[in-house]
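Every chain is named by a letter (A, B, C, D and E) in the order it is written, and numbering of its residues begins at 1.
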């Protein structure tokens, strides 16, 4: 157990030893194990975007085992997926990588300005599949946000008492905010805060832009001259908004982009004190060998072997 | 146990000894312990207004430990916050200050004319975190008021049977009343009455203005010549509306204003027979030393050391 | 146990002995105990109309103990109030007067053409407070009537199995009927019938006017020459509509009016075979001595000592 | 509400208002209503001793209605019986006398040195029958005492939360003590203490003799010179052993004896500060007129009209 | 919060913040508050030994209020008693001293070589009475030990999840050991270990003698030359057996003895690193003024003001 992991665990003193154990399982696994940094492979796009959009670019990804193997071989800290994907591999790969069961998911066969995901798994499922954590998505900005917060509250209480960790995807979205506002720095920082206040152990948000969405917030950012120019600045602010760094915040890799763009983003996250990345499409939508190399570079940036 | 605290507890003879014990824990703690007056530090603005608007003016406040320490060092009677903030410090500061778990919260990433907070914590959470009370916000005047009253009823029954106290933030807001009406004396007195009838042990309202919102009420205030000219008059009326003083009513400190304005307000609350203040932004949005001095003055006004 | 009370209880042979016991507790208590007539003090106006409109005319009424004492000293059969008011005195006045816990309430800070009260208490609350009955308001004529009927059904079933009596305030109101229609004889009789069909043991309606609201009903009233000219006629008809007198029907005292007007109304209720009055504002909005004298007269009219 | 009843209720401040209400119902009913003294009619002998032993001496007593009427006409404070007897009359006599449902009973068709009663009713039964209290028998001294204490604990918690009072018959019996020991002063005082510590509101024991059963206790009685010579002395000691008089202790009338013997015993109970009697066989095993006269004398002794 | 209390709480990092809060409430209350030493007043002897043996030496003790007052005035850290005694004062003394509800008790009207206490209270009782902890007695050495361990396990799990602390009286007794063995050093150390392994937060044992009961243990004590000559030696060993001092171990005061004998024992406990005393009979069996002086001396020995 490294000093850094010990320090991180100390922020969760109010949690029970089971939850600490599961946090440690994720923090200590894989290439970045012990550094306090995390790279997680999430694969819920099959549900969220449909199979062809998700897996046709690299058809090996239609197979659930592919993602288990990719996460294991790449040395990710954890692998996150919906019920079906985990049920299809949890036995075969038992003990090889910490698992996160995504407990809610949303498909795009019906779209609405105020989205709300469906609950698709349970804490009991997470336990029987040997997971280290549950995952849950909230959409601050949606008219249905309260339904999601309340369902999270219930699941979270149950998960915590069973010694699981709680990972919250906090994605602002809905009629309360603009499209650009979804990644505006004030909104992303707010989304991180909401997840933290709802009791998340690990928070996942998108890397924020320098946009400012809310009028009242804009005034404060300008008056207080909060630095938001570089990505590192903005990451630093989001980490601050996550209980001054007392909660693990990781950032999504987003849609597939050029590798250098992603690596630069990872550098920004690292330099701003972010705890890591959760990278789906950029990992599994390319051939396995490329993906392993890509993830290796990401981890080396976090590990400091690459500047 | 002072005579005054004993007198206050006598008003709650219908409550079980556990609830009396937790009321006493709050009434007997801190600088004002035993006087029957209370100053509570509430920090739910991170959720309610967003992190930057809340904490950028004094960035130390991004850290959940900051508020525990502030409340403890200032000698507040209790510290109130949502689940995440309490989970992030309840173990480290166990036994140092009575805690109130705010069980519902509302963010402003989605706004609506008829607000309704989300339930973000449970009675079981309050017990495992060692809280003395649950806190809950209602918005009389909102089309969704009944949903809030009914959820409060359920939580309140459970909390009371487990020996916790119930603190209700009664904030008129919604399409049923005007913006000015939110703090009009008739509306604030009515909001206090609603909270009391719903079974609150401690009621929090805003300091009322001399405005009169409702036509039928206005007639009565004028016909009966109810004194509402000075703040002390109005506080006296709100205390009267809270079961003739048989329920503890405290007043919010509101947005950050000039110190003298706040101190005058505190004098008005004290002179009108109010039981104290619940002061968030005016406390934590300034540097620690200033905040301690500020709260010290507030407590001295309540304690009578300052006229 | 008088013959009359025994006769009244015989109408409820389908109810369990606990419910009969609690009906008897109310019928046998106070000045009218044993006569089969009832005068009940209800004080829910603090919640329903606001504290100043309710209590400023007689400020002693801000204090919850005032109403317990008034009901006890006046010799009322029971005292009905919401959760907060009962919690604030049930221990102190335990055993001195039968209590009715009003389980739903509505405030006027948000008004809507189709009102629906909020549930503000439970059957468990009624038991722990030592009540003889639950009270519940329905608004026939409101678009939300079914929500209210269904919630009543659930509460009523639970209350009856715990041996409590069920008192239903049946107040036609909402977009389905006109303002005058709220007290039209056809509507009031219909409201009494609905309450009776919903399983109420005691029904409270407003004294009806001679107006006829519904076209189809009007035809019948005229064709059948149903006598509705005098108040006594109309009361007789409402009693008839309440299972031919096999359910206790009592009448609200309404807004404060001249004493003689109220006394005449009481005479009409008595002469038409009504079972009594539930008089709030006319009782507690005047000084205590006057109120006691006023209620004494009302009871003497029911008791026959005053013609 | 007399001062004395108010004083007695003040000893139960830890109980909810419902329980206080039901204690008041018993204390305020009947000839001794308001005096703080109680005479209760218990009829569980049909189950405990068999019907002929119980009712043949006065065959009217085979009829359950007989006992309701006797208790009502004699002006007893309450009537206690098992499920069947109460079900057979609770509707017909609803509201005429407070009822106590005996929740456990034992028959003598199977006898054993270490008796344990069977649970024969529930708290739900008590509520649907309109009872003011549950009754329960424990046999300290029996090898099965713990089973009885634990069942009482469960029933008692449920009854208290539903606002009922708890009456405990504490009858030492079993292989742990001798036959004479069952009524020895040290054992009876101990039995009263056990019932009080188990949370009983009202305790029923047998009038104690001057015998001392337990060696260790005997030493103390002698060393401390505890007065146990007269019945009044011993009653005083039992009352002291019942939380220094802060719990209502009543005494059983025992097997049918000469009237003067019973009256002398009642005088002893009264003079020693006992709260009353619970008299079964001496009441119902004689003709009705005699029984009424007998009970009238008992009540007059308690009331002080007879020296 | 003193460093010492913080250190003690750090040993319970696996407990939730509610339990830490309740441990802190006890550690911080009274004369020894903050020192890490505790003196607790337990009064369960009325149930365990009978009322006269317990209270006749100082008859004021028959009154439940006496013990609340004694514990409060003496400045004890907590007051422990069965359900009845706590129900009889918890409302009146709410908030004045931390309470421990003894959840099982045993009387001596039936004695058996293999004792087993009866469960006489619940975790829900502890919460509604405002207790800081539950108390529970186990009898290692009894044939029925497993029934007791298993009931403790259930109650303990429930208590811990509700944020209460668990205090275990571990009293070796039963056919498995000799009378002298009950206080033999090997047995007492073993009893402390069992309580600690069962999850107790606070362990109460009797001060051990230098006797060695079990043959296999004796060999080790002799081979390893474990120092057990002085009481301080033996206390040190028991503390060691309680997780090397990571669990609070307190020692019973035993039967009333000469003051100097008790004070010497307290010195031994202090010098051996024990955490304090739980002193019943030696406190409440003497006149109040003497008891206060006696407890003052005990506390001064623990506090170090008296050598």
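The rule is simple: a contact is a pair of C-beta atoms (placed from the backbone, for glycine too) under 8 Å apart; a residue touches a chain by one contact, two chains touch by 3 or more.
Remember, it's a predicted structure, so these values are computed and weren't measured experimentally.
S.K.: Tell me, which chains sit next to both subunit B and subunit C?
M.R.: D
S.K.: I'd like the most central chain, judged by C-alpha centroids against the all-protein C-alpha centroid.
M.R.: That would be chain B.
S.K.: Would you indicate which option in A-B, B-D or A-E repeats the interface seen between B-C, with over half of the contact pairs matching by residue number?
M.R.: A-B
S.K.: Please report how many Å separate the Cα centroid of subunit C from that of subunit D, as a whole number.
M.R.: Inter-chain centre distance comes to 39 Å.
S.K.: In whole angstrom, what separates the CA-based centres of subunit A and subunit C?
M.R.: Whole-Å distance between the two chain centres: 58.
S.K.: Averaging over Cα atoms per chain, report the distance between subunit C and subunit E in Å.
M.R.: Inter-chain centre distance comes to 57 Å.
S.K.: Which residues does subunit C have that touch at least 2 chains other than itself?
M.R.: In subunit C, the residues touching two or more other chains are 90-91, 124, 129.
S.K.: Throw together a list of every chain pair that touches.
M.R.: A-B, A-E, B-C, B-D, B-E, C-D, D-E
S.K.: Under the stated contact criterion, what part of subunit C meets subunit D in this complex?
M.R.: 1, 5, 9, 13, 16-25, 27-28, 90-91, 94-96, 99, 124, 127-131, 161-163
S.K.: Considering the complex alone, what residue numbers of subunit D touch subunit E?
M.R.: These residues of subunit D touch subunit E: 11, 13-15, 140-143, 145-146, 149-150, 153, 157, 172, 174-177, 186-187, 189-194, 196-200, 214, 216-217, 220-221, 224, 226, 237, 240-241, 243-244, 246-247.
S.K.: What does subunit A use to touch subunit E in their complex?
M.R.: Going through subunit A, the ones touching subunit E are 13-14, 16-17, 161.
S.K.: Given the complex with subunit D, which residues does subunit E contribute to the contact?
M.R.: That would be residues 44, 46-47, 49-53, 55-57, 59, 62-66, 82-92, 105, 107-112, 116-122, 124-125, 129 of subunit E.
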